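Both of the next two complexes hold subunit A, though its partner changes from subunit B to subunit C.
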Partner chain A sequence: MSMTPEEIANGLKERFGEKILETVLDTHDPYCLVEPQALADVALFCRDELGFNYLRCLSGVDYMDKKKTTDDLGVVYHLGAIPDASHLFCLKVRLSRENPVVPTVARIWPTADWHEREAWDLVGIVFEGHPNLTRILCAEDWEGHALRKDYTSPDTYHGIKNNVV
Partner chain B sequence: MTDAAEIERIKDHGDVRSEEMLLNMGPQHPSTHGVFRVVIRSDGEIILDAESHIGYLHRCFEKICESVNYTKATPYTDRLDYLMAMGNNLGYALAVEKLLGVEVPERAQYIRVIVTELSRIASHLLAIGTYGMDIGAITPFLYCFRDREKILYILETICGQRLNYNYVRIGGVAYDVDDAMLKMTREFCDYFLPRVMEYNDLLTYNGIFLERTGNVGVLPADLAIAYGCTGPVLRGSGVKRDLRKDAPYAVYDRFDFEIPVGSGEAGTVGDCFDRYMVRMREMIESTKIIQQALDQIPEGDFKHPKVKLKPKVPAGDAYTAVENARGELGFYLIADGSDTAFRLKCRSPAFSNVSVLHEISRGAMVADMVAIIGSLDIVMGEIDR
Partner chain C sequence: MSTTTPDIQEINFNTDAATRDNVLITSLDKVLNWTRRSSVWPMTFGLACCAIEMMATGASNYDIDRFGSGPFRATPRQADLMIVAGTVSLKMAPRVKLLFEQMPEPKYVIAMGACTVSGGPYIKYGYHVLKGVDRLIPVDVYIPGCPPRPEALLEGLFRIQEKMKFERILDRERKNLKPALFVD
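Coming up: the complex of A and B.
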């Protein structure tokens, strides 16, 4: 019963209207760009009504390029289904660098719990309502978010010298 | 027996007040298979809750990939799941090739399948051997390592490395294979199939082993899917999901093989024994795939003639997933048209598999924690990245 990306996108647009900011189907992973505050509702709809019971991947992204045409952050959600492997879709959100907040989906797909902690740890995205938004890969007292494009690693960490040539 | 009601019964028994204790397991512990720490909140011998702490091997693989070009990033993927480095190479190469839009020559596809499946057997052998040792059986470990050594020798003759191969490259493989290697692989397959019976005699149907793994760490199918578990952990819960069959890549659609799933032979579906047994049966299926690939392998190029050493990848983004020994290994690659990745996110299977640990260990005995962690078959290299 797998649906085509077009049907999925139409279903989302019908239900959420203006909250779906952009739809791109002619690409490797067809996706909808969702308004950040509506993300949790869209995700719940995807799980319960569209049959996406499995969150394949959650990636935090810093979209700031070398020419600095944009300094947005973003989160990319790759949805899938088990056992129907051909039922795929993708959701994206774009967040401002000053206030990168998006509602959590950890209660919708428990696997997002750790993925969101990782996105917070490495990209610095705040997941509103997350049960335990702490660093997961870096040490608890680490400063900064390593996957930000403007990140510079600290010169010392607990007396250990860094950036020494 | 060990459900929440049972804990309540034990706690309320008589007028003796029970106290909770915090128990640190790891980061340096022989059965955590790497530097992995679990903080166990226990009531006597019963686990009330467990909290996993990861990150001890973190080296920010994803940041490294943003600073070196696509070809130079391949050796770093070796070090993710270092027990199945061929599979990581393959997943990464497929991710880049998807955006490059190249179709790899057939011979290279077959070589990729052969080395990946050899790697899968080697990885499962280590998982099974060390799992026996976790439970207290040392002999099977020696048998498993004896046969794993033969695989490592074959892979060493192909590419000169035993663990971190850097063999599957963007656009093909690094070197062609010769007839001597193919013959050696065929001999290994004939040798290996009867050995699986030997492991079964040694370990699988041993009474103590059955007692230690049956009905322990039961993972229901819906919980496994919700936590994003894949690979033998998910299949152990009775879910038939294997990307080699469901979304075939390379040339996996040309082979005839089964997907073993857990059926609760030693107790409940989704217990430690089922996860163990899925790995055992997968080794037979992998051997069958290798034998078919050896029969079908064509002559031809072993790498795409037009893929350069420093490819410039057209702008775009794509998620590519392969079925590794531990489950779905995914790479989400964003390219910006240069010779370096703009962003590479690695979705590692063991990361999601181990995130379910606190759910399935709740209510188990402390001694079973070792059995449960072993059955998840974690590799810290890819969890911490």
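Coming up: the complex of A and C.
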């Protein structure tokens, strides 16, 4: 049941209307920008109605650029299907830096569980409703989120001086 | 003929041929150092890609067993030598220190590879990497390389053995066990 990106985007727009903020199809990975609060519904629709039974990747993104024109955070969901490897699409959300909250998809695709913990650990995105949103890579008492572009490394950790002399 | 062992005073060390051929006289320091450097037992402690080279050093091509350093121990209690092979992350750092403290004296440390020597490629942007394991534990031998070849690790072992050669039992207390950059 391979669908073209146009068909997928039209299906989403038909079902969710204004919740789909932006659609970009002429890129390597065609995507729809989704309103954050509607993300869980869109994801469930993608899985059950559009046949995306597999979450290929979930990435946290810091969109801050050097000129500080934007300081948004974001999450990118790469959807796929098994066994139809050519059935691909992409969902994105943009979140404010002050309150980066998005509903979890860990119950829709269980593989998102650890991916979301990683995005929380390194980029600091809060996944509302996640069963166990704790750090997965950094130590439990780590401060800050290390892959944010305005992050600075700590000079000491547990009394170990770690600054570059 | 009486078969009782002769009293020690009766042995003439200079003339008794059997004694002369079978007794060696040396200093205790020399014997201890010889035994110690002939059986350096490293701890199985691979943290990253350097551990692959360490395994290669233990395998048949390079065969660290030839130099008495074969048995990689799975517990710090039985090890003399800690080969810190690989990137030490800050999450791992307290564990490295704990393992070092659990090793019995005398103990030796090899910092293997660029990461353990100085932080290596992570020196500037590695938020999670300890910038040199000598900030945590005292290091005897540094082996640069990314990763060092097995020959380099063997050379590091020889340097440790060289160090063991001239140790004296009377000044066993090792120099400064506290690394300079560690604060309690």
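The rule we apply is simple: the second predicted complex is superposed on the first by the 165 of 165 C-alpha atoms of A that agree within 3 Å, B and C clash if a C-alpha of one lies under 4 Å from a C-alpha of the other, contacts with A are read in each partner's own complex, and residues count from 1 in each chain.
Everything below uses one rule, namely that contacts are C-beta pairs under 8 Å (C-beta built on N, C-alpha and C of every residue); 3 or more make two chains touch, one makes a residue touch a chain.
Since this is a predicted model, take the numbers as computed values, not measurements.
Chemist: In the superposed model built on subunit A, check whether subunit B and subunit C fit or clash.
Modeler: Superposition check on subunit A shows subunit B and subunit C fit without a clash.
Chemist: After the superposition on A, what does A:C138 contact: first (subunit B), second (subunit C), both or neither?
Modeler: A:C138 contacts both subunit B and subunit C.
Chemist: Considering only touches as defined above, state whether A:A146 meets subunit B (first), subunit C (second), both or neither.
Modeler: A:A146 sits against subunit B and subunit C alike.
Chemist: Could you say whether A:L12 touches subunit B, subunit C, both of them, or neither, answering first, second, both or neither?
Modeler: Touch partners of A:L12: none, neither subunit B nor subunit C.
Chemist: Contact-wise, after the overlay, does A:C32 reach subunit B, subunit C, both or neither (first, second, both, neither)?
Modeler: Neither partner.
Chemist: Counting only touches as set out at the top, which of subunit B and subunit C does A:Y54 meet: first, second, both, neither?
Modeler: In the superposition, A:Y54 touches subunit B alone.
Chemist: Could you look at A:K161 and tell me whether it touches subunit B, subunit C, both or neither (first, second, both, neither)?
Modeler: Only subunit C; A:K161 stays clear of subunit B.
Chemist: Between subunit B and subunit C, report the minimum C-alpha distance in the superposition, expressed in whole angstrom.
Modeler: 5
Chemist: Can you pull the subunit A residues that subunit B and subunit C both touch?
Modeler: 138-139, 146
Chemist: Help me check something: in the complex, which residues belonging to subunit B touch subunit A?
Modeler: Where subunit B meets subunit A, its residues are 54-55, 58, 60, 62-63, 66, 98-99, 225-228, 234, 239-241, 243, 246-247, 316-319, 321, 328, 330, 332, 334, 336, 342-343, 345, 347, 351-352, 355, 384-385.
Chemist: Quick check on the complex: what are the subunit A residues that touch subunit B?
Modeler: 27-29, 53-57, 59-62, 65, 76, 78, 82-83, 85-86, 90, 109-111, 113-114, 122, 135-139, 146-147
Chemist: Once bound in the complex, which stretches of subunit C touch subunit A?
Modeler: These residues of subunit C touch subunit A: 90-91, 93-94, 119, 123-124, 126-128, 130-131, 135-136, 181-184.
Chemist: Please give the residue numbers of subunit A that touch subunit C in the complex, ascending.
Modeler: Touching subunit C: residues 138-139, 146, 151, 153-154, 156-164 of subunit A.
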